[in-house]
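In the two assemblies presented below, subunit A is common to both, partnered first by subunit B and then by subunit C.
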Partner chain A sequence: MSSNVAPVVTNFDHVSPIRPWQASVRDRLITTGIFLGSVAMSYLIIKLTGLSGKLGFFATFLSVFTTVNATRDYFRFGSASAKDSLVNTLVAAGAFITIVPISSILYTVISKGIKGIYPALFFRDMSLNAPNDPLNVGGLGHSIVGTLLLVSVALVFSVPIGILTALYLTEIKGRFSQPIRFLVQAMSGVPSIVAGLFIFSAILIPITKDNSSLLGSLSLTILMIPTVARTAEEVLNLIPNDLREAGIALGGTQWRTVAMIVVPAAKSGLITAIILGIARIAGETAPVLLLAGGGDKFNFNPTSGPMGSLPYYIWRSFGAGSPEAVTRAWTGLFVLLVIVFALFAVARFLGNRKVGK
Partner chain B sequence: MYKIQYMTLLENKSAEIPAPREITTKPRVSDKIFRGVVTAGGLSSLVILGLIFAFLLYQGFDIFRSQGLSFLTTSRWDVNFDEAGNITSSDFGLSAMLIGTIICAFTAVVIAVPISVATALYLSFYAPPFVKKFMVTVVDLMAAFPSILFGIWAYFVLMPSGAYWAKLLNKYFDFIPVFSNEQRVFDSSPFIASLILAIMIIPIVTSISREVFSQAPLDRIQAAYALGATRWAMIRAVVIPHGRSGVIGGAMLGLGRAMGETVAVYTVLNLVFAINWKILFGVGGNVASLILLKFGEATPYEIKALMAAGLVLFVLTLIVNFSADLLVRRLGGKGK
Partner chain C sequence: MSTENNGEKNKMETSTTPSSLSSVAAASKRTGINTRPMGTGLEARNVHAWFGTHHALADVSLDFASGTVTALIGPSGCGKSTFIRTLNRMHEFIPTAAMAGQVMLDGKDIYDPSVDVTKIRLQIGMVFQKPNPFPSMTIGENVLSGLKLAQLKTSNKEELLEECLMKAGLWAEVKDRLNAHGGSLSGGQQQRLCIARSLAVRPQVLLMDEPCSALDPGSTLRIEETISELSSSMTIVIVTHNMQQAARVSDYTAFFLSDGGPGQMIEMAPTSEIFARPRDKRTENYVTGRFG
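Let's look at the complex of A and B:
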């Protein structure tokens, strides 16, 4: 009786799920073949025609690879599939093109900038040296101090204004919310040189009549406010409304609710907003050149005297033109990049933490 | 113990029971102050933009009055002095710089938008998760790079390959007037400035496009797949119609950024006061770099002219940014 029944499978070890969408070994071999074939073919084309260089090779390879793939798909599945594979390659190529310049920038800055790095660099200034001097004299300590001062004074102005703007947009939601969001967006597009000119016309010409890093900080404030405001707005929007309602329900006034509950809950996000703002202005060059004067020695007073800064150091070295000066410029860029990188990493780290803790 | 206390409280009729708190919608004093301060902070962006306009207009007013419309239509920039150092005659015209700004920015957008849209599509619909995470970080980081970094990199690294591509374009498209170049010198051309501007705005356009694409309605995407659409057919039928105006808005935002760029353009472009429509020819202009170039040795009168130029640039970028914002916002209303 039981001999007619199919044996019941009790041991599932040998059963593996099938994945019909996954490429088989044969498919992969064919894809690799097409890839290698395209490489060889574009090499031939380059040899036969006038094209040359890495970029020429890339362009040729791209078109050959796309054409071969699309033709193959056309004969296998028809025109819809051919179009799909065409777009597939083009889209991936677009992403690749986006990556190329940034890798080139990183590679160039690191490989050229590292030559000029030595410990004393960070403690010396350029008061006795010209950018064309040998690399083992002088330093950029004064420019790091200058950049730190410029940024921290700018923070004093831009953080309160930026966060208040964000609070207005998220907590008060008043009549002006829409226009203000609009204006903040417009402000983020103000060219940096216009911000510099504004401070020049509004403060330097009528009042101080002289350069100082305070004025530079003021122009950087204008550039930093939109970044801080927009990021802070996004963060504050993530705070669940339950928290606000709980605060009000406990009898808190709106002021107490915002100050004791909403802002502490969004703390790490707000710090991220500030850090992104700093990254935005740390390398800003044009307004600093107009307003901070640009000094070659240590200056710890933001209100008077020419103030050096990393962008100014880079700019001056780049302008001097000799190989040593250019290496100095790359070294300055390297230091600036490391600062931006570090700020960015901290912002990422804080931003990835869960909001509301 | 608590119970006993409670009982004694009940028995002790003379104990004061506080009057119930008044229930009112009238804001407290602290709230009034808070709302006032926050509103004042919120309005600061309006105040700052207004002040920028007012002060640049105030400082540049003399120039607008003496030059009139020729400030925008001529392309000379001369200041003549007599022996005593007084200004005898001056002539300021922005047209070459304005046209140069628009050419550079527009070419940059034409180069950047296809690449950015392709990248955004790749990140939204094609990339494996780890590639996506990595590339989003990289693109965000690129947006935070200082412009002087782009400028110096462009001068040393991009210029040679840019000139090579310019030569190639010139070789095959010489018959199109924009690509012609009699001088056969390809360095420092508006084309190379456009290339670096394109690289600088790719992160902005990419992140806006990605944001817009990610708002494409999931049910329609799945419906398209269920009807047997390939990935491209789905994108064409659902994502692109949904995201079009947002992408255009992102491109406009990039245009505004490219118009206002100073340092990166200054390092690569050969500034000449002549209108030049040939993008491969090494003569060009840009209002922002003009200001940086002339500022160092400018006389107080010339600084007024630079203020006027700054005002023109400010208004130009403001208009572009406003229209960009309108376009992106229009989509925001529709997508939800």
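Let's look at the complex of A and C:
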């Protein structure tokens, strides 16, 4: 064989990149055809047999679509490929089934809640109105203030404690690691009312003798710490030990290594830990009702006086029973959802920012 | 840089072998092989590769005849690994990847839509840079894992197990502890276990992406012996940064280089030629260690 030397070519503009492994237009058309055909066929089956309802239709469609797809792959590439396609379709169906109830809930909350929205809603409270009043008076401003105060004060307490606990478990690995890990895990199963009763009997009765949102936040802190600590521990465990060794080998103390290398590397995971913590407490009703008392008036002082919150507002409105009150409750749910999503978005944004910016 | 190369190219082709090169050429065990063996083997035709909009590899055409060992050499980032991954369609595993050109196995394009990609990877096996035995499996299970994954049947598992471990040069060391976990082996043993694992599905072609870069010299030597033994029965393509290794194990050597743009194949020749009489100035600079 003679040697070959590549000719000197530097311009390849005439060559265009392709992805031969992706489904071609023809493949996509066939898949769409199978999809539509399966819909039609399941409709027929529903009409002709005793099956009925949306669930029956979905089940029929799923089995028809899966079978046809798998058969097609069987004739193209054989049985292994058919099984692959079968599992693929089932996995996609599983994901779809997860989405259905979530989007259904979202749809219900939004469509029912949006009716009660009017601009002044966010700046008024219910101190002069009953839940049964018409929808254009009163508001839930006091509940938003209450929920934000409850959650943010709880965050101030629980995030440092939770993350420090996780750092103790993963970085220091002291002799109390095992019992602490066990207690943290056990605590994550504590019912919220137990946390509420604990603060009630330990602080409210003997010391303050009055409702306040601070006490509510303390009980939420008890609920949130285990979630934050456990998730943060998992995240910190994923950071490769090489990084810690590299930091220490450069002459860093353990504290500098953890603060400069380990925690920044785990940043987005730690943010996720905090998000999960917020998700755990944002909708809590029982301990808040017990300790913050629930109120219909604006209260900007977390240390004294009864404080309303969105879950309390929802609970009270549903209890009142009239159509206006029920719409108020849905509106409260809608606003609570928006707030939780907004908190998630902010946390994600902070977590995704490039290190060093 | 390139104008200088062109200027000296003619001079190079007529000059006699520099003495520093002849020692490397002499180290090649396989200098006698200059003719193409029978069989069509594997053939890359005008292969390009992209990651997103980044053109990583341009216009590589290479023939890998059956029963030969071809070494791909070149500095880091010149597209060797990208190229080897286009040969068994591992390239498409990266979400933004795209390609152009054809890869022919026995005269059939492996990128043809009618081709089952899993069967291609059965025929064209791969050994990776870092040894990656499956952690949940014993040594024996690791070797036979390909059969299970591809749901292939075999009449005699013990025989196949022994044969593959023998070929990979590992049998003597592990025959008494086939039920131990793969992770209990040393790095070099783990890599030979991975080779044995690739052999169990009887591929026609074995791609090796820097298989010795994480290993000590002793283990490297064992793997090179393994490659020499395997080369009689299969086509082997090996990416290596170690030019002595290329000289020791390969029949043909292809030199890849990127000068800022996409990586390209600069020169392909019988290994003894590449090291003794490179035709391109850039190849000579590289194999004599003047850069890269």
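Just so we're on the same page, the second predicted complex is superposed on the first by the 228 of 357 C-alpha atoms of A that agree within 3 Å, B and C clash if a C-alpha of one lies under 4 Å from a C-alpha of the other, contacts with A are read in each partner's own complex, and residues count from 1 in each chain.
What we mean here is this: contacts are C-beta pairs under 8 Å (C-beta built on N, C-alpha and C of every residue); 3 or more make two chains touch, one makes a residue touch a chain.
What you see is a predicted model; the values in this text were computed from it and never measured.
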Checklist entry - Is A:Leu336 contacted by the first partner subunit B, the second partner subunit C, both or neither? => result first
* Counting only touches as set out at the top, which of subunit B and subunit C does A:Ser24 meet: first, second, both, neither? -> second
Check: Thinking of the overlay built on chain A, is A:Met260 touched by subunit B (first), by subunit C (second), by both, or by neither?
Finding: neither
Quiz item: With the two structures laid over each other on chain A, which partner does A:Ser81 touch: subunit B (first), subunit C (second), both, or neither?
Solution: both
Tell me which partner A:Ser16 touches in the superposition: subunit B (first), subunit C (second), both or neither.
second
>> With both complexes overlaid on chain A, does A:Ala40 touch subunit B (first), subunit C (second), both or neither?
In response: neither
Subunit A positions within both the subunit B interface and the subunit C interface are 80-81
The answer for subunit A against subunit C in the complex is residues 1, 3-6, 8-10, 12, 15-21, 24, 27, 76-78, 80-81
In the complex, the residues of subunit C that touch subunit A are 2, 6, 34-36, 46, 48, 50, 55, 58-59, 89, 92, 97-100, 111-114, 116-119, 150-151, 252, 261-262, 264-270, 273-274, 279-280
Seen from subunit A, its contact residues with subunit B in the complex are 51, 53, 55-56, 80-81, 83-84, 86-88, 90-95, 97-99, 101-102, 104-105, 108-109, 160-161, 163-165, 167-169, 171-172, 174, 176, 179-180, 182-195, 197-198, 200-202, 205, 222, 225-226, 229, 253-256, 258, 276, 279-280, 282-286, 289-290, 311, 314-315, 318, 326, 329-330, 333, 336-337, 340-341, 344, 348
Given the complex, residues on subunit B that touch subunit A span 27-28, 30-31, 33-35, 37-46, 48-49, 51-52, 55-56, 58-59, 114-119, 121-123, 126-127, 135, 137-142, 144-150, 152-153, 155-158, 161, 164-165, 168, 199, 202, 206, 230-233, 235, 253, 256-257, 259-263, 267, 288, 291-292, 295, 303, 306-307, 310, 313-314, 317-318, 320-322, 325
